[in-house]
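Before any comments, here is the structure.
By letter and in written order, the chains are A, B and C; residue numbering begins at 1 in each of them.
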């Protein structure tokens, strides 16, 4: 369907709708630049007396957001890279190799991605604690995320790799290329857009996770930013100014990814969900 | 006497040196709020000065998460020292052999802790916890708002409290602030009313799992409480507010009274400090001796700790009067070591020392005295009760069923 | 020829196993095995501390399914289940909301893409962020919603916006907050669907002179059907997974009135330390999800065979 152009009435209405839609964000942005004194007086929704980034500074220092932020990166980046690597390997097998278990395996991967996390909660906690010795480490969280995301990612990569014509791969095989060489020198370069799309999605999901770090990490210094944001709430004074600043900080990386890689992101979502 | 103390201190630090093996000391602390965090850092600096060879590592975890997570790390990867509460909440871990006895540490501090204080940290004849401070509960109120509503004095009896609530309500002021987004603030009301109506012994027996929540006595507690709920003393928004948010109602002059622990006194904004005063929970039945709620904060050594020698050194350090004094000069709470002095200019502390000194019994708090599961069902029930006092019977039956299952 | 094929197949199998091995190991350990382990735990009464865990009926006259019997009599379980059903029904409204937004903003103009970017934004927020933002937004006494309602005269001077303190409405507030990012997600899917619609069909319909509603109902919606099926299933799974937002905004309160199975399972397990009971709740949740998962797999297989 072709988009149409619209008149001024439409744009007024659209602007109002947009403002309503983002009003929760605006509320937190406003509160995040207000001082505690101003909030204590009950001046919540007036314009701030003076613009101050003090709350952000405080979130980073007192609220330890610098540590949490770094932890989120340490957890997210290796997870994304590992998932990209393993899922493209799996995708290649599922799409291009004559493997007896292909279809069943795909169903297992696909079904796993929709599991309710609760069924995994206690066993993963128990395994990490008793056998793998990864409880209260960032590695423990990374390993779980890699495993769980493999379901969706492998299916995603398979669908893209399937679009590579069989002929090219057959030709390479006839030339005596090993499967590993075909995968690494032909498939991966062709898959760059798909990998970029998948990477943006994965980054957002892992960055935003809260439950698994809640279960698997105990030490404050190892917690990611979502758990850190929740920690701000535990302070004994009403702290909506700090929480608002913290929420903004936690939202920045995914928003940046989205802003600069919107095309990849949306393609990832639509391709991943539909086809 | 003074000389003895100096010698004692000297011996103790000698003992610490003798025990100290260098190496690590990992402490998990739930004191994440600015004030008690600062207090802890103050004495920690002192400790590091005295024991430069011990490498101290502190994990500060927010209060609410700590309570949840301790079960996950205590049996498996415990630190060397952890913060906790006295009462049944600690007994649960003691019964599972997860806590190291501290009798040797206490033998070095004989006569410095009252019998009452020791009773709260002893189980099955052994001492397990190092109490550093306790605090009193009662009403914090705005004198200016009381005046505005035509009230001249703080309520002393239950009827006076209800009358005050009615007058404040008529003046357009929320009589009593409360925030039950986390359910525990509601439980303080149950603790006090039950102790005032049925007495300390009945209350402690009930919370230890030996009483019956559907008994006539408990029903009387609830119907007494209901009198206050029915005059509209509590705000409708309570369940959507944390206790911190509810306290903002007081600071902003929207609410007049607040039943809270004394940790709140250090958070009063300076602008309204002069208008805030304290009164103890009113008498309901004059025949019943007056007991108080006084939660005690403690430190303990997990039995699976890796650096127990260092942990014991730390415990002996915490037991000292001078350290407890320094600690609580910052916390604004009462030290447990009776040789430690308090700031006499702090009126809140003075009233606290007074009412706790006169009390015939001290309870820890609903969720520290009752089993965790019963406490959860109970506190959720009290939150529901604040909105629906007519559901009392159903709520009590639910608590009783849980109690029966847990203490099966 | 047959021999050659089987040789190729053999070679492919070897490579396949080699490529798949690390993934299968991880996936088996962290995803497949835990499902069965949870099922086992659901017939035990593990307290999280003991090292040996036997089923309830071993060496005692308790039923192995005691946890499920207890669940049946647990008011909070039923309350949570009821709330999960409310989530299934009302959270699904994000799909029509997303579709409406997509249709409304499917406009040819430079500004439109800027507007759309802002509308999409909540989609990339963590639910912890969404929960924090919305808690503040809906907060009685201090929040923006109460302020606006008071400014508009909808709430009187002594009145408060009590939605999140109300047993009846707290879940509605939670679903509203959850629908905010999710409707944005649905909008993205529908916008993609809209731009892929077959032009000739629509042009033909326009020439025929069908009304806008007829166009939507008889032509556009049927063409968006594949997107809709996926959206609905993903939404329902999301409704069953609801945890972060509830744990942050109400913790299931007031008095469990906004609890759901996922959160109740967490509370029983990690706050009350009834691991067996928690596992039993997770098994129930898994059973409900399984229906949806099978539906999804069926649909995907159908799409697959339809296309290839």
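Criterion: a residue touches a chain if its C-beta (ideal position, glycine included) is under 8 Å from a C-beta of that chain, and two chains touch if they have at least 3 such contacts.
Note that the structure is predicted; figures quoted are calculated from it, not measured.
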Of all chain pairs, the one with the most contacts is A-C
With centres defined as the mean of Cα atoms, the chain at greatest distance from chain A is chain B
Cα centre of chain A to Cα centre of chain C, whole Å, reads 16
Chain A to chain B, mean C-alpha position gap in Å, rounds to 40
Each of the following residues of chain C touches two or more other chains, namely 139, 142, 270
Multi-partner residues in chain A (2 or more other chains touched) are 42, 230, 233
Each of the following residues of chain B touches two or more other chains, namely 69, 72, 245, 248
Within their complex, chain B touches chain A through residues 32-36, 59-65, 69, 72-73, 76-77, 242, 244-245, 247-248, 251-252, 263, 267, 269, 271
Residue positions on chain A within touch of chain B in the complex are 40-42, 62, 125, 129-130, 135-136, 214, 218-221, 230-231, 233-239
Per the touch rule, the chain C residues reaching chain A in their complex are 8-9, 12-13, 15-16, 19-20, 22-23, 26-27, 29-35, 37-38, 41, 104-109, 111-112, 115, 117-129, 132-134, 136-137, 139, 142-144, 147, 180, 185, 188-189, 192-195, 197, 199, 202, 220, 226-227, 230-231, 233-234, 237, 240-241, 243-244, 248, 261-262, 265-266, 269-270, 275, 278-279, 281-283, 285-286, 289, 292-293, 296-297, 300-301, 303, 307
Note: in the complex, chain B contacts chain C through residues 67-69, 71-72, 75, 96, 98, 172, 180-183, 235-241, 245, 248-249, 254, 372-373, 376, 380-381, 383-384, 387, 398, 405
Residue set of chain A touching chain C in the complex reads 1-6, 10-11, 14, 17-18, 21-25, 27-28, 31, 42, 44-45, 86-87, 89-90, 92-93, 97-101, 105, 107-112, 114-124, 126-127, 143-144, 146-148, 150-151, 154, 179-180, 183, 204, 207-211, 215, 226, 229-230, 233, 240, 243-244, 246-247, 250-251, 254-255, 257-259, 262, 265-266, 269-270, 273-275
